[in-house]
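Here it is, the structure in full.
Order of writing sets the chain letters: A, B, C and D. Residues in each chain are counted from 1.
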Amino acid sequence: MIDNIIHAAIVMTTPLLLAALGGLINRVGGIVNIGLDSMMLAGALVGLIVASESGNWMAALVGAAAIGALLGLLMSLAVTRLEANEIIVGLGFNIAVAGLVRFFLKSAYGTSGTLNLPDVARLPEIVIPGVADVPILGALLSGHDPLTWAAWIMVPATAWFLRRVRLGLRLRAAGAAPQAARALGLAPLNLRDASTVFAGAMSGLAGVYLSIGVVGIFNEGITAGRGFIALAAFYFGRNHPWPTALGALLFGFFDAFQIRMQGRGVPAELVQILPYAMVIVVLTVMGITMRRSRARGRS
Amino acid sequence: MARSLAGALLPLLIAVLVAAVILALAGHNPFDVYRLLAIESFGGVKRVAATLAAATPLILTGLATAVAFRAGAFNVGVEGCVFVGGLAAAYVGFTFVGLPAAVLVPFALAASVVIGALWMLLPGVLKARLDVDEVVTTLMLNFIAISLTAYLVNGPLLAPGSANSATPMVDAAARLPKLMPPSTLNAGFLIAIALLVLYWLWDRSTASGFETRIAGLNARFAIASGIDVPMLIIKMMLLSGAIGGIAGGIHALGTVGRFVSGFSPGYGFTGIAVALLGRGSAVGILLAAILFGALATSGATIQLFSDVPIEIVNVLQGMVMIFAVARFGWIFARRRRAA
Amino acid sequence: QDKRAALIVAQGGLGDQSYNDLANSGFQRAIEETGIEGRAVESDDVVAQAAEILRRASDAGFGLIVDLEYSHGEPMVEVAPDYPDTDFVILNQVREGDNIASVLFQEQEGSYLAGTLAALVTTDDSIKGINPEPIIGVIGGTKSAGIDKFIAGYIEGAKAANPDVEVKVAYSNNFGDPSIGLQMAKAMFEEGADIVYQVAGGTGMGVIQAAKEEGHYAIGVDTDQDGIAPGAVLASMIKRTDVAVEEVVKGYAKGEFPGGETITFGLKENGVGLSEMKHTKDLIPAEILEKVEQAKQDILSGKVKVWNVVDQGYPDYLK
Amino acid sequence: MSVERKAAASTSRLGARGVTRRFGPVVANDGIDFDARRGTVHAIVGGNGAGKSTLMRILQGLDRPDEGSVVVDGQPVTFAGPADAFDHGIGMVHQEFMLVPGLTLLENLVLSHEPTNRLGRIDRKKALRAARELEREAGVELDWNIPVDKAPVHVRQIVEILRLLYRGADVLILDEPTAVLAPAQVRELVSLLRKLRDEGRTIIFISHKLDEVMDVADDITVIRNGRKVASLPSSEASKEILAEMMIGEVLAPPKARDSKAGPAVLEIKGLAALDPAGNQRLHELDLAVHAGEIVGIAGVAGNGQDELALAITGLGEVSAGTISLGGSDVTRLSLAERRKRGFSYLSPDRAAEGLCLVAPIRENAIAGHHRWPEFCGSGVLKRKAIARHVDDLLDRYNVKRGSSDLPAGSLSGGNQQRVAVARELDGDPKFLLACQPTRGVDIHGIAFIHQCLLDFRDRGGAILVISEELEELIALSDRIVVLYGGRRSGEVARSSAGIEQIGRLMLGSTA
């Protein structure tokens, strides 16, 4: 039971974590990306098609990341070069891409909603011999796919990138003080574009994880608003990779948990409220402790 | 003058062009589609009425969002207020059967206002007192509102004999009067316009509107000027919630006649776009709401006359949002500098 | 022919892999065969635009309007009298009116058979992928009376076949999220279930996928989903919305319309029932299939009356 | 004219030829020529809005001239951007700080020229070594690992200059670097600049403070209304000559007046206050300001002035003691409540707190007073009355503006400050807390604002002035209280106020 919850929680966390880390980098670079969901959706679709055509999951990842990156670039250009409001552009991308995906399915495949293709290459599972059968540890470490591993490796990598790498430092500068960055001869707008392209690529991977990692089909509702949950995760983490990962894990865990809570006397809808309520509770507690610690510093 | 008009129309033009390319690629004649869209949204009194009816909830959610933005609170939780407000109004409307319309309608709307405002109390207080980010809390509250109302409408408030999650129909006395029968355009539209006018007056000529604007533009300055900004944020979040609630109430009493699953197709989120597109001004909100209302109505009915998939409306809507907030000035500016 | 028919698509839109798609396929078949003009109308705001769409279609000269959206019942009653020359059809509910025909499905009857089948199979561990525990599951797309009508019938059928059987019930709250469907089904399999019935549209694709991955079984819904994952879908509870729509449209083309009547599609009318189990019937012992057939006869003869949540409210076993 | 020829005779490192830059109808730079000679400090002086910053931005490649060109080593060049200018050895410290909040001092130092290994990883050891070397060169010591937001102003200033050196600039453009520094820090900066010049670097230095200019500059260029008035060696200049060139007239300093101090309006007893991080920065302070009196607070920045101001406004945290206004205790009251009791506050941070730059000038001039009965009846603003009142008020304060409907950000810095002063003195409050009342304002504006404060005092107002400009304190105050380490280190009466004595008190020796 515990093992299964852990395993399911990790599975449900992966897409959130991928998109949240992308969104985090984007926000550090100065753009709040509301359009993550659209990039996930496109990644899920393109990834599935590539996985079916090529039979190669790595090609599918590349395809999904590429389409996400392309959408990210378009969105970023609208924000940085056309000076459009990032929130509206993000909402606009969500609406327009959802429409385009349906439009594309109808025009190209004569189907709507779901795309079920033959010979879809799925993500392989990495079973670690010896560890696999150890309780808890096995569920934590074994039987996950490469993308899940990549997502978790990205957490310290992102932290390291932002603190220690030249590009990370410049990105922080571009986000926090674009004028200053410009005066130093950096190109804050280009950096911003790069961060949105990255967010798009990560969201594309998050999407393809859902389509070829989890189920092997595409459905127009496959993201189920996970782009917004990812947004909540990096807001929750206040742009720090580890707390953001914790936020994503919290959502993933509750997703896995609520599935198993159902049928135990609690109405399904109320169980589904839990993760969202938890975020509010945690933020409130954090707010109160921060206020306390300030007050303690005083006395 | 000519320039500003061009500035307003250019984005629409670009959106229309992009969508036209997509249409043409898919083998549709863009001109026919656009002609149909225009006819179906503004061609005749009935169609205009349908457009205005569709615009009504968007005016209100746009206004609700704008009110919070004014005070510097990025409230994305109006969608949740529409849900709880709609359910509250419907509950009053089908429970207190027998009251005269003059009592029942205000009672039901008041319920939606109170619930909507209360729904925004927590994020308002958390932002004002503990500096908790309102974007996250209000976004979370949307999901909570949707699940909570779904629970209520499937269980305690489910209409007997209904195969769908729906409350019973509200009493006839609770329905808002229609303005142009048989169109669904109803008194809710007048309420929305009245609130818009009040907003315009409030923003323009009241001390509180002034304080709110200043607080939204520069909170430190407002505080130094002696304005209680945290309290103001709480008040404006409550007001935003109240307007979001009444959007739901009006939708329940005026259009749908009950609370039912699929009650709001995202009015709250479209409202964010309406508020931002309308630049927070009363007239801007009205025009933006009518634009989105027109796309919603005509998008559905053009399918009766053309094979064009409804998705083209989503594409158009998305493109309009993206380009309407874009500034094209830099293109001209750069040309000048280069010269 | 200048006859025109409109199909108003319900919430969720086309592509839901169930109700809307199925009805639309019947609609398309009928207009192709009869040659009349037909249009399917989707809307992002279908609930609020009920009356506007119904009136617009009537004004535009559509003689037949088939409405799939449940919340359009009341608006239709309001609109129909203004358009006596238009024929209206509403599904899943009964509405009064000379020019309104109502179509009802007895999904609970077909679901009863699915429950019977699942309860009998789940303890027969001679079948590959079946464990001896009497545990089965069902996943609904949302908690609502329309979905619980399926679920209650399923439970009733299961309990009738084996009173000791435990039926796990869960809702995905989403008709288009296959990954949550997959996770939910896996959770049920972990807890000992080996057969899960899905009543969740696109989410159900994930349930079938989970059955395939875990080597257990899913039961499909609405269409014959046995072929989606041959061998992993035990059976499908078919609901012939397509047939219903097709017949109505064809009748309209011929100038017939059952105005004011209620057409019921139950087991008897062959409007609901189990698929032919092309890929699985050889796995299942003949005696089980016979018992299922017996249950069907009991319903047809009226010996068994299956609980209908919509008409009767919730039974004790599904509060 | 002979002066100019002489200046041009030495080798020019950086200069301008006929540089013109227009912003709509405003001609910010109008055919400006000048040359900064290699190895000299070249000061640019001019009133507010004269066009100094615009010219500097052009020299640094941030902006481009509409006409004319920048010359480097005598050759006309067109910079593609600041990076390009840097490649020519030209760097600038802007009027507004250009450090990135959230980054440490070290990160800010190396930003855009980070020492890295092959993978793009920043080599922190190398960076720190470079930082230490620069420290030694400049004769300062810094904690490089604190975030820039926690560093005091003068440290940030030094980091900005070191950053230019780090990047190998040999032409340093400094736009009003001393505006926010205390006298001791200014001296430190000036000696640093001298040192850098003696090592052969070229420095272009903008300031409104003619003393400093005379002190440090080799050459001086005066700009007025976008045009160059003159370039001359400092040996041929004097404060009076420069002032005349800048504004076309010589200002008489405000005349001293006897104070007729009345009853105490502001009374502070045993005050202890905390900074936003919760550290106690003010200890057991007693202070009174009487009607018809100006009291000045002097001190090196960071000795409790900020906390005192915050405590008096009610925006900060008071841990002990009382503050009373007009006899009633206001220690626990909000700023709004204090304002209702006749309190008035001129913020030191004009752009962020003193004004709302994106709001119309009119709204800036009325904010806080908008609920007065003459402007507001039952919550509705009397727009006509407000417009009339504001236009009259701003005319009285000589605010140069297009229309009062334009955003306050469209005003020059000096005029912005006039708006703030006008608002705070409007309606004759009982007490005014004036923090850095003339920061970044030109001579003309300073004189005007000082006169306004003195007039207010003569009408019986009480003023507490907190300023980093000693001359300003001496010109205005009847008494000057000096803070050191959060405690009162002494008090000097106007009649006996001397810079030396105050300077000693500021450094902690008790009188």
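In the analysis below, a residue touches a chain if its C-beta (ideal position, glycine included) is under 8 Å from a C-beta of that chain, and two chains touch if they have at least 3 such contacts.
Since we're looking at a predicted model, the values are computed, not measured.
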| item | value |
| --- | --- |
| Interchain contact steps from chain A to chain D (minimum; 1 if touching) | 1 |
| Between chain A and chain C, the fewest steps along chains that touch one another | 1 |
| Chain whose average C-alpha position is farthest from chain C's own | D |
| Chain A and chain B, separation of their C-alpha mean positions in angstrom | 28 |
| Inter-centroid spacing, chain C versus chain B (mean Cα positions, whole Å) | 34 |
| Distance from chain D to chain C - Cα centre to Cα centre, in angstrom | 75 |
| Inter-chain centre distance, chain B versus chain D - centres from mean C-alpha coordinates, in Å | 46 |
| Residues of chain D whose C-beta touches two or more other chains | none |
| Residue list for chain A, restricted to those that touch at least two other chains | 102, 267, 269, 272 |
| Set of chain C residues in contact with two or more other chains | 143, 173 |
| Contacting chain pairs - touch in the sense defined above | A-B, A-C, A-D, B-C, B-D |
| Chain A residues within the chain C interface of the complex | 1, 4, 8, 11-12, 15, 102, 105, 111-114, 116, 210, 214-217, 219-222, 224, 255-256, 259-260, 262-263, 267-269, 272 |
| Chain D contact footprint on chain B (complex, rising order) | 205-208, 210-211, 213-214, 217-218, 220-228, 337 |
| Chain C to chain A touching residues, read off their complex | 13-17, 21, 143, 168-171, 173-184, 186-187, 190-191, 202, 205-206, 209, 228 |
| In the complex with chain B, residue positions of chain C that touch it | 6, 11, 39-49, 51-53, 55-57, 59-60, 62, 70-71, 74, 79, 82, 92-93, 142-146, 149, 173, 310-311, 313 |
| Residue ranges of chain B in contact with chain C within the complex | 40, 46, 50, 53-54, 57, 147, 150-151, 154-155, 158, 160-166, 169, 182-184, 251, 255-257, 260-263, 265-266, 296-297, 299-301, 303-305, 310, 313-314 |
